[in-house]
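The next part holds the structures, each set out as structure tokens.
Each of the two complexes below includes chain A, the first together with chain B, the second together with chain C.
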Partner chain A sequence: MVKEIERSGLPVVHVCTVTPISMTVGANRIVPAIAIPHPLGNPSLPKEEEKALRRKIVEKALKALTTEVTGQTVFKD
Partner chain B sequence: MKLELGKLTIRDIRFSEESKISEGILYVSKEDLRRVALTEEKIKSADFDIARPGESVRITPVKDVVEPRVKTEGPGGIFPGFIAGVDTVGSGKTLALKGMAVVTTGPIVNFQEGVIDMSGPGADYTPFSKLLNLCVICEPVDNCEKHQYESALRMAGLKIASFVAGLGKDIAPEETETFETPDLLTGMKAFPELPRVAYVQMLQSQGLLHDTYVYGVDAKKILPTVLYPTESMDGAILSGNCVSACDKNPTYIHENNPIVEDLFKQHGKTINFVAHVITNENVFLADKERSSNQTAKLCKMLGLDAVIISEEGFGNPDTDLIMNCKKIEAEGIKTVIVTDEYAGRDGKSQSLADADKAADALVTAGNANQLVRLPKLDKVIGTMDYISKIAGSSDKALQSDGSIEVEIQVITGATSEVGFHTLSAR
Partner chain C sequence: MSKLRVVHYINQFFAQIGGEEKADYPIELREGTPVGPGLAFTQAFGEDAEIVGTIICGDSYFNENIEETTKKVVEMVKGLKPDVVIFGPAFNAGRYGFACGTCAAAVHDELELPVVTGMYPENPGVDTAKDKAYVVVTKNSAADMRHAVKVMAPLALKLARHEHVGASCEEGYINQGIRVNFFEKKRGSERAVEMLLKKIAGKPYETEYPMPSFDRVEPMPAVKDLAHAKIALVTSGGICPKGNPDHIESSNATKFGEYSIEGVTDLTEETFETAHGGYDPSYANEDPDRVLPVDIMRDLEKEGVIGKLHELFYTTVGNGTAVASAKKYGAEIGKRLLSAGVNAVILTST
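What follows is the complex of A and B.
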């Protein structure tokens, strides 16, 4: 899906836990997620901390979306 | 480390007043079995049944399959960390009851368990249709959490297998096979000309009841480590998972791992079988990276020339598999990987979720998405209530004539990734 949307001209950020698979399938902007059963959060954290964590992932993804890349890039920080 | 594995073939199982083994027949008292099962406080009731090869019987939902074994000499006991203490096992003498198994059933998570058919086309897809199966059917107490039910049923299976094996403790085995692994230095001196080979076994450890245990430790919490290959024969590794039952290793397969046995057959002839390395398949990327790094490090430390790597499961563990393969190959060690495929019902989709050029030697155990039609059988041990929910089935599975159309994914052991069953490809 990442590749098809990008082919139509829209940049895509792939937020995923297993970034090596994202690299294998050819995503260009990759943001690491938390874990396979809960990619976008961490249920073991207190609510407030989890909210902050979720926001951080979304902000990182938005930043990645607006960053020029020359090849496949994993946005670690 | 040397283990003498004695084998006693069980020719039939019968319910009886008294529990004993006589002339190759296992007699069991339901009362004795119930007493053992009910030591698990989360189990409300336990019933038992016997399924024989060729009978028109379907067992479902299957949780685990266990071969009864007992230590007759030497340190420790079978299933260390659960049934016995945590002494290192794998030496001395062990007695295995061959030709039979203890099969636990219960709708724990209902889509996570498997199917064993004792006859018909389904029987060809499972290695466990060839055994006399003592089935354990347990109901949980009210308000029992799923993970408590899983643990209780797992323990009940192990306890009943140990109880049954104990009945054979004083009977001389019909045959004995000896397995011996020298320590590293002795092995190196004894076989200087032979390639040094190890087995790297990946253990399912994704959590949410997809777990494996090593000496009582949840495998998701281990760093990769090295075992003598005989340790798993004494139950050092055991199963706590069965979802997509085709390619999970029930405890029976850990006790009888064919990769371990085949490497032993070649030991001292074509290879020097150095060690059994175990690692896990966790759900955090850092865990995957750490475990594959440590696995490659151990292979390097052991001075290996080649390894066989087996996966357990599919999907994201494909990445663990490829990481292990790539990193071990990068140390100059040859690898062969053993896996199965999820290539779609037509077999045309990509088989694994991940790939790499280093993975150029692969053995497949078949396509888990392959559809099969299983006829209605006369008797069900367990319940058919969840047959359309089991992973690999669907709400269209049940046909008007009572047969079911399902992927072989639902069948326990069908695409065993340690090659325990017969499917493969060229």
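What follows is the complex of A and C.
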């Protein structure tokens, strides 16, 4: 899906936990997530901290979207 | 002669420990008695080989701790001194396939042992190991176990005995990209004419020189002006309005959903849920923002960091879903987003 949406002409950032799978699939902008059942959250954290964590990942995703890339790139910390 | 030694890797499901709720089961080694599909392999081996140890690991546990778990698998295998190592088969289970493929490649590289696994050709794990392991072609579900064992077991025995292994099309494994010289019964011109006649007649034929498929997409240019950009959310994590109104299937989805989040500032347990059957849904059901971050996107929209959050989101279940289907959904979603004036997409996966 990532690839086909990008092919239609839009930059896509793939937020996922198992980044090597995303590499195999062919995503160009990849942002690592927390865990498979809760990629953008961590149920063991208090609500506010969890939201701050989620915001950090979304901000990283937006940074990836505003960054020019020439090939597959994983945006780590 | 003593029996050949086999080590077997399986996930929590095939070890009968549990389903998705046990996918975080840590790695464990059970020596001796075969477990799960190991029984079928043992039967197929007869007196020739025995499973000396079974490595069991939850699929989520592996994929969330790839490096250290792979290392542990290599250590465990090393300690058991096997002649061959079998992984799975994983059929079309993505995380399981990825675990099997990654570990098979590591065992091959570091211990120089022959490795056999079994997967459906679309499994993302295939690419991690197909040039190192013998990846036997299976169907896309565990119903194919009997056939998978029938092909994998004799292949494993051959490898353990260092016997000659035939070409991929003869032995039923995925092409490893290795060429071996041999004498054909018919000469080239004859084979070419036969192939051409079959092609003209519209009959199936097999090329002797398949073209490699490189399906890569050029990265699109970055968003220049985020503060005026319209961003859309898309997910393969199955988030949908409560009750799953379009009945998106929990696995092998045949459709995607398009839903409005106009005026929605937060996804809650009461209004949204996940349709996904390939991961423990309790966290996503409790707070769907953990998969589709609508709450954060609304905050960023209010603060002027982004121009606008697109009022529709797109969703499907990426669980054993055929690549052809995902391709189709992606193309259609892309078309709709483009015509709605969206500038960029955040796609989340579980």
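Following the convention adopted for this analysis, the second predicted complex is superposed on the first by the 77 of 77 C-alpha atoms of A that agree within 3 Å, B and C clash if a C-alpha of one lies under 4 Å from a C-alpha of the other, contacts with A are read in each partner's own complex, and residues count from 1 in each chain.
Everything below uses one rule, namely that a contact is a pair of C-beta atoms (placed from the backbone, for glycine too) under 8 Å apart; a residue touches a chain by one contact, two chains touch by 3 or more.
This one's a predicted model, so the numbers in the text were calculated from it and none came from an experiment.
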{"item": "Clash-or-fit label for the pair chain B, chain C on chain A", "value": "clash"}
{"item": "Superposition-derived comparison: chain B or chain C, residues of chain A touched", "value": "C"}
{"item": "Touching partner for A:Val12 - first (chain B), second (chain C), both, neither", "value": "second"}
{"item": "Which superposed partner A:Ile21 touches (first chain B, second chain C, both, neither)", "value": "both"}
{"item": "First (chain B), second (chain C), both or neither touched by A:Val58", "value": "second"}
{"item": "Which superposed partner A:Pro32 touches (first chain B, second chain C, both, neither)", "value": "first"}
{"item": "First (chain B), second (chain C), both or neither touched by A:Met1", "value": "second"}
{"item": "Colliding region between chain B and chain C, picked from 20-28, 236-244, 254-262 or 308-316 after the shared-chain fit", "value": "20-28"}
{"item": "Contacts on chain A seen with chain B and repeated with chain C across the two complexes", "value": "17-18, 20-21, 24, 35-37"}
{"item": "For the chain A and chain B complex, residues of the former touching the latter", "value": "17-21, 24, 32, 34-37"}
{"item": "Chain C residues touching chain A - in the complex, by the definition given at the top", "value": "20, 23, 60, 63-64, 66, 94-95, 98, 102, 124, 127-128, 215-224, 226, 231, 234, 236-237, 279-284, 286-287, 289-293, 295-297, 299-300, 305-306, 316, 318, 326-327, 329-331, 333-335, 337-338, 342-350"}
{"item": "Residue ranges of chain B touching chain A (in the complex, touch as defined)", "value": "206-208, 283-285, 288, 316, 318-319, 322-323, 353-356"}
{"item": "Touching residues (chain side chain A, partner chain C) in the complex", "value": "1-18, 20-22, 24-26, 28-29, 33, 35-41, 43, 51, 54-55, 57-59, 61-62, 65-71"}
